[in-house]
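Next come two complexes built around chain A: one with chain B, the other with chain C.
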Partner chain A sequence: MIGGGARSRDPREKRPWTFYALATLMGVFLLFLYGPMFVIYLLSFQGPNGGVTFPMVGVSTVWFEDILKPGQMANIPVAFGRSILLAAIVSTITVLVSVAAGLGFRRRFRGSGILFYLAVASLVMPSLLVGFGIGLGFQLFGWKADLFSSALAAQLTWTLPFGLFAMFAVFNRFNRAYEEAATDLGANAWQRLRWVTLPILLPGILGVAMGAFTLSYDEYARTTLVAGNRNTLPLEIYALISSSTSPTLFAIGTLTTTVSFLVIGATLAFVFRLQRRRALARHG
Partner chain B sequence: MDSNGFRPEHRFDVELVAVTKRYGGTVAVDGVSLRIPRATYCCLLGPSGCGKTSTLRMIAGHEVISEGDVLIHDVNVTDLPPVQRGTAMMFQSYALFPHLNCLDNVAFSLKARGVPKPERHRRARDYLARVHLQDYAERLPGQLSGGQQQRVALARALITEPRILLLDEPLSALDPFLRGQVREELKRLQRELGITFIHVTHSQDEAMALADLMVIMEAGRIRQAGPPREIFERPADAFVARFIGGHNILRDGAGTIAVRADRCRLGIPEAGPHIRGRVAAVEYQGSSVRVALAVDGGPPLSVVMPDDRFFAGPVQPGEEAALTWSTRDAHALPDPA
Partner chain C sequence: MEAVGQATAFTAPARARRRPRLTSEAISWLQVGPLAFILIVFFALPTVLFLVVSFFDYDRTGIYPAFMLDNYREVLTTPATLRIYVSSLKFAFIVWAITLLLGFSIAHFLVFHVRSAAVRTVLFLLCAIPFWTSGIIRTIAWIPFLGRNGAFNQALIDLHLIDQPLEFLLFSPFAVCVTYVHLFTLLMIGPIANSLAKIDPALLEAARDAGASRWRTMVDVVIPLSKTGIALGSILVFTQVMGDFFVVKQMSGGQSASIVSALATEIQAMQYPPAAASAMLLVLFVAIMVAGMMRVVDVRKELVR
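On to the complex of A and B.
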């Protein structure tokens, strides 16, 4: 895992001017990336008499309390719960399908190329149209659009190809000698999968689970037309943006981002611990 | 017959009968036949791509055999999975499971067979002790040195009590000093266990030092098989002579001959056979000195002589010299077709 070719720079080694030019560009890019978010986090602590723009009129947590108060924001905690549940389901299905597909795609088989392109094509379909199409389909068959049927399907069109791609990368680095060794030692196919292949791939699989979870958690375009009458958190927030303007929106943003970071951070910490324990580097 | 159907009285530990491996249109192993007597240290030697690893993997059952048969202890195992062949393989990069500690790596085959945990751990500890790693049971493979990993891999293979141990370039990942040491250990282990080892290598030194039976392969075929001394003294053809090294390929009146470099001399051509050239390089090797000779219109030749003889009459690069040999040291080779 630790790049064998990486070496640290000798302090006397001169850096070319391009280094500074590109470093500046990178700095500007990072500012562009994180600046707006940082502004939102800051403004969510706006004083009670402040508005949605600077200046800050004091500092308070009033807007956070506002979320939990009954009233306009009543749906936020419920929508949050729904989003988490949906994301968990999407993530589970994505992992199951993409691990199985990844295993299958390690061998070339008749039609594997076509199947691969078909799976990947849905990544480039316009997202709103995918949702629209699914909604249309449901209407055609007389089914009721719902979060856990039509919206789930719409999100899977997005997370499954992503999971498949990610699993390809994971399997690419997987040394098949491990599996041969397991077979050589008398493990049957199921034992080999359970005791060798899956544990070794676990960090990658967790990465796919995490990716699918976050993709679902903030998915809007595909979900909006097929969610039925129960909103996910992004849909709820979008509805609020068009109807009200108060720093409460910012507070919601801050809170949901915190949740995202907590989930990602916990997973990363777990993966890092796994990898350090294994110290996969062959040269000990 | 014993319970596994293997006859206790068998003639050969391993027998290959016209074994062929094809990958699509290319032939990796081309009708190889070989008989390995009981309790033999057999080395498969050859340049990369010669088919030695494919042959090993077919014996192990990790590669489907396109044509021909593999017999182990006189039983045809061609269509059996690895576990039913009684072979154990040590992989080139050892393939130790990175998520399991040494103890669980060694105990893996017992776990697959459903041996209860206390029993399999007890036996795994025994095998770790055999390779002097009893204190490393709880370590993960990533926390061990290359040499230690190699020993864990060995213990993991041996705990299956194999009839045949297959080793795929087992020493190539080790530094030269360790390589010599492990080489000795492997040979000792093979003698103690009294089973056949089949060891794939591209190093002539390794094969010479270890093998009872040395098999030289090229382009999917066996060029020569026999004890190392026989091969060194009577190489079957120019390829073998060149590949094992230490030989000059020359021509005399009758045809192509091989003469060992340590039997050649530098000197004044008298009546005997000789060839003139120019000293291209002088390599001091401690107890001996190798003099490389460039010859017009021929491949470079070399003379290896004891250091005292060289320094009694040293030569310098660029000097004219003649290589002489005695006809009784000439080994006739078949003329290349």
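On to the complex of A and C.
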């Protein structure tokens, strides 16, 4: 992830006191980061008579079963399916568009400055306002807002700049000598892209795909005004927060976080395997 | 539509070899074309649209094209506007200071103190993974933790540090700040770590050989060389807090509103012109702040090389 700045340091060198201070800070920060999340994972297994706070009154999975029962939670499984589908579409478009744009940005071209700042602006724009603007536009043209038109567009204004900047980071570390070698060996531009550039960039591209997927899967503020009448999972969860006072909310939180973790874990495992295979190939 | 644009973008370089008339500038434009299209149609135009609507007239049944400044006059003269801007700025400043200090320390630890690349990657991933999970869930996760009978109060009571549960923990400005720091510190760690990793270790050795203390090295070498990361992280954290819709609403217990949640109320009441005027005000405000921070460093030069 981050290139090492300390590679040339002697490993036997004594640690300064700041190391111990910062290591402690790091530990406390990780506790701070994960502590509250573990509290809700734990509470989602609350016993049937327990409430939304400690103590735990027994252990059960009734709150998970609650989600699947017909009734108040009926929309959750459907919304979950929609969210996954939308996230997959967003992720695919983000990868295609931002990899191409990353390639384009390697050369200076007229308007590159404007496009760059447009991407920055799109990234820092208060999220709800993006949805507001798109919603107004759809109303102006008399179109109906829908998950796979207006909401998809709203999410792309957030995942594309993210994907573009991630591609900048990827290309920063890319050694162009490989491309030159491919050209010298007679590869045409398409072969060079297909067999040299893209395979080298693959771990970075997978990172962009995963990032875009999870950003879309959890997106709320951009989507809420333009989702039409079919809700995504975060919109359903948001609606539940004010009405639900049972640990079911935590059970939903546990499930959706599990899905995020699975996506992240699978991607990371794949990237690490890829890198290990490459390292092995390099060292014979 | 996207897929078609994409196909041209990818095959463009190949065609360029056969037909050398396609300039490298044209290839670049084919490659960035889809991005430019989406950002212009779904970001730039909608923004222009609510700029236009902010001058419109409205009543209970609809909005009417007009050019009037009443919406702006109303937004700028309401005392509530100043109040939420001051309260949002206060949050933004506190959260910025905390995330900067915390983010810089952690980035510094990861880049300069952790010697094994594998450990560094694992620690960085541990920081990053929560960022890829739901912000809403991470926000409400603080409720059972900070509540009156929450895990934190329980722990303090069990340790005999307090005998009454602390009341200010949840549904308070404190809870809002804690949640922001929890959600946004990674936005500082990432860019700063990226800047720090680019510093040549030889520079640090040179500083040490020249007799600089660790503190002097930090102030004169490390911090100046990481200012791009600091500026980028600051922009991200600042804009996230100013654009927050959910955290203040959920965690302040109704004590304060955020700029955007006040705006959302107007949108839900279909009062589009005044909502658009407050939106423009916020966009201008954020744009000026971001432009100010970008003046400090040339972010573009740093990112695209």
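Just so it is clear, the second predicted complex is superposed on the first by the 261 of 284 C-alpha atoms of A that agree within 3 Å, B and C clash if a C-alpha of one lies under 4 Å from a C-alpha of the other, contacts with A are read in each partner's own complex, and residues count from 1 in each chain.
What we mean here is this: a contact is a pair of C-beta atoms (placed from the backbone, for glycine too) under 8 Å apart; a residue touches a chain by one contact, two chains touch by 3 or more.
Values in this document were obtained by computation on a predicted structure and should not be read as measured data.
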(message) Under the superposition described at the top, does placing chain B and chain C together on chain A give a clash or a fit?
(response) fit
(request) Please indicate which partner A:196 is in contact with in the superposed arrangement: first for chain B, second for chain C, both, or neither. (result) first
(request) In the overlay, answer first, second, both or neither for which of chain B and chain C A:126 touches. (result) second
(message) Applying the document's definition of touch, where does A:25 land relative to chain B and chain C: first, second, both, or neither?
(response) second
(request) Tell me which partner A:85 touches in the superposition: chain B (first), chain C (second), both or neither. (result) neither
(request) Give me the angle at the C-alpha centre of chain A between the C-alpha centres of chain B and chain C, rounded to the nearest 10 degrees. (result) 90
(request) Identify the partner contact of A:260: answer first if only chain B is touched, second if only chain C is, both if each is, neither if none is. (result) second
(message) Which partner chains sit in contact with A:177 here, chain B, chain C, both or neither? Use first/second/both/neither.
(response) first
(request) Could you let me know whether more residues of chain A are touched by chain B or by chain C? (result) C
(request) Give one of first, second, both or neither to describe whether A:269 is in contact with chain B, with chain C, with both, or with none. (result) neither
(message) Just checking: does A:186 make contact with chain B only, chain C only, both, or neither of them? Give me first, second, both or neither.
(response) first
(request) After the superposition, pull out the minimum Cα separation from chain B to chain C in whole angstrom, please. (result) 9
(request) Could you tell me which stretches of chain A are touched by chain B in one complex and by chain C in the other? (result) 188
(request) Would you mind writing out the residues of chain A in touch with chain C in their complex? (result) 1-9, 11, 15-16, 18-19, 22-23, 25-26, 29-30, 32-37, 39-40, 43, 52-54, 93, 96-98, 100-101, 103-105, 107, 109-113, 115-122, 124-130, 132-134, 136-137, 140, 153-154, 156-157, 160-161, 164-165, 168-169, 172, 188-190, 192-193, 210-211, 214-215, 217-218, 220-221, 225, 234, 237-238, 241, 249-250, 253, 256-257, 260-261, 263-264, 268
(request) Enumerate the contact residues on chain A facing chain B in the complex. (result) 175, 177-178, 180-188, 191, 195-196, 199-200, 202, 274, 277-284
(message) For the complex, give me every residue of chain B touching chain A.
(response) 60, 62, 81-83, 87-89, 91-93, 95-99, 108-109, 111-113, 140-146, 148-149, 156-157, 160
(request) Name, in rising order, each residue of chain C that touches chain A in their complex. (result) 2-3, 6, 9-11, 13-14, 16-17, 24-25, 27-32, 34-36, 38-47, 49-50, 53, 102, 105-106, 108-115, 117, 120-121, 123-130, 132-138, 140-145, 147, 149-151, 154, 182, 185, 193-194, 196-199, 201-202, 205, 214, 235-236, 239, 242-243, 245-246, 250, 259-260, 263-264, 267, 272, 275-276, 279, 282-283, 286-287, 290, 299-300, 303-305
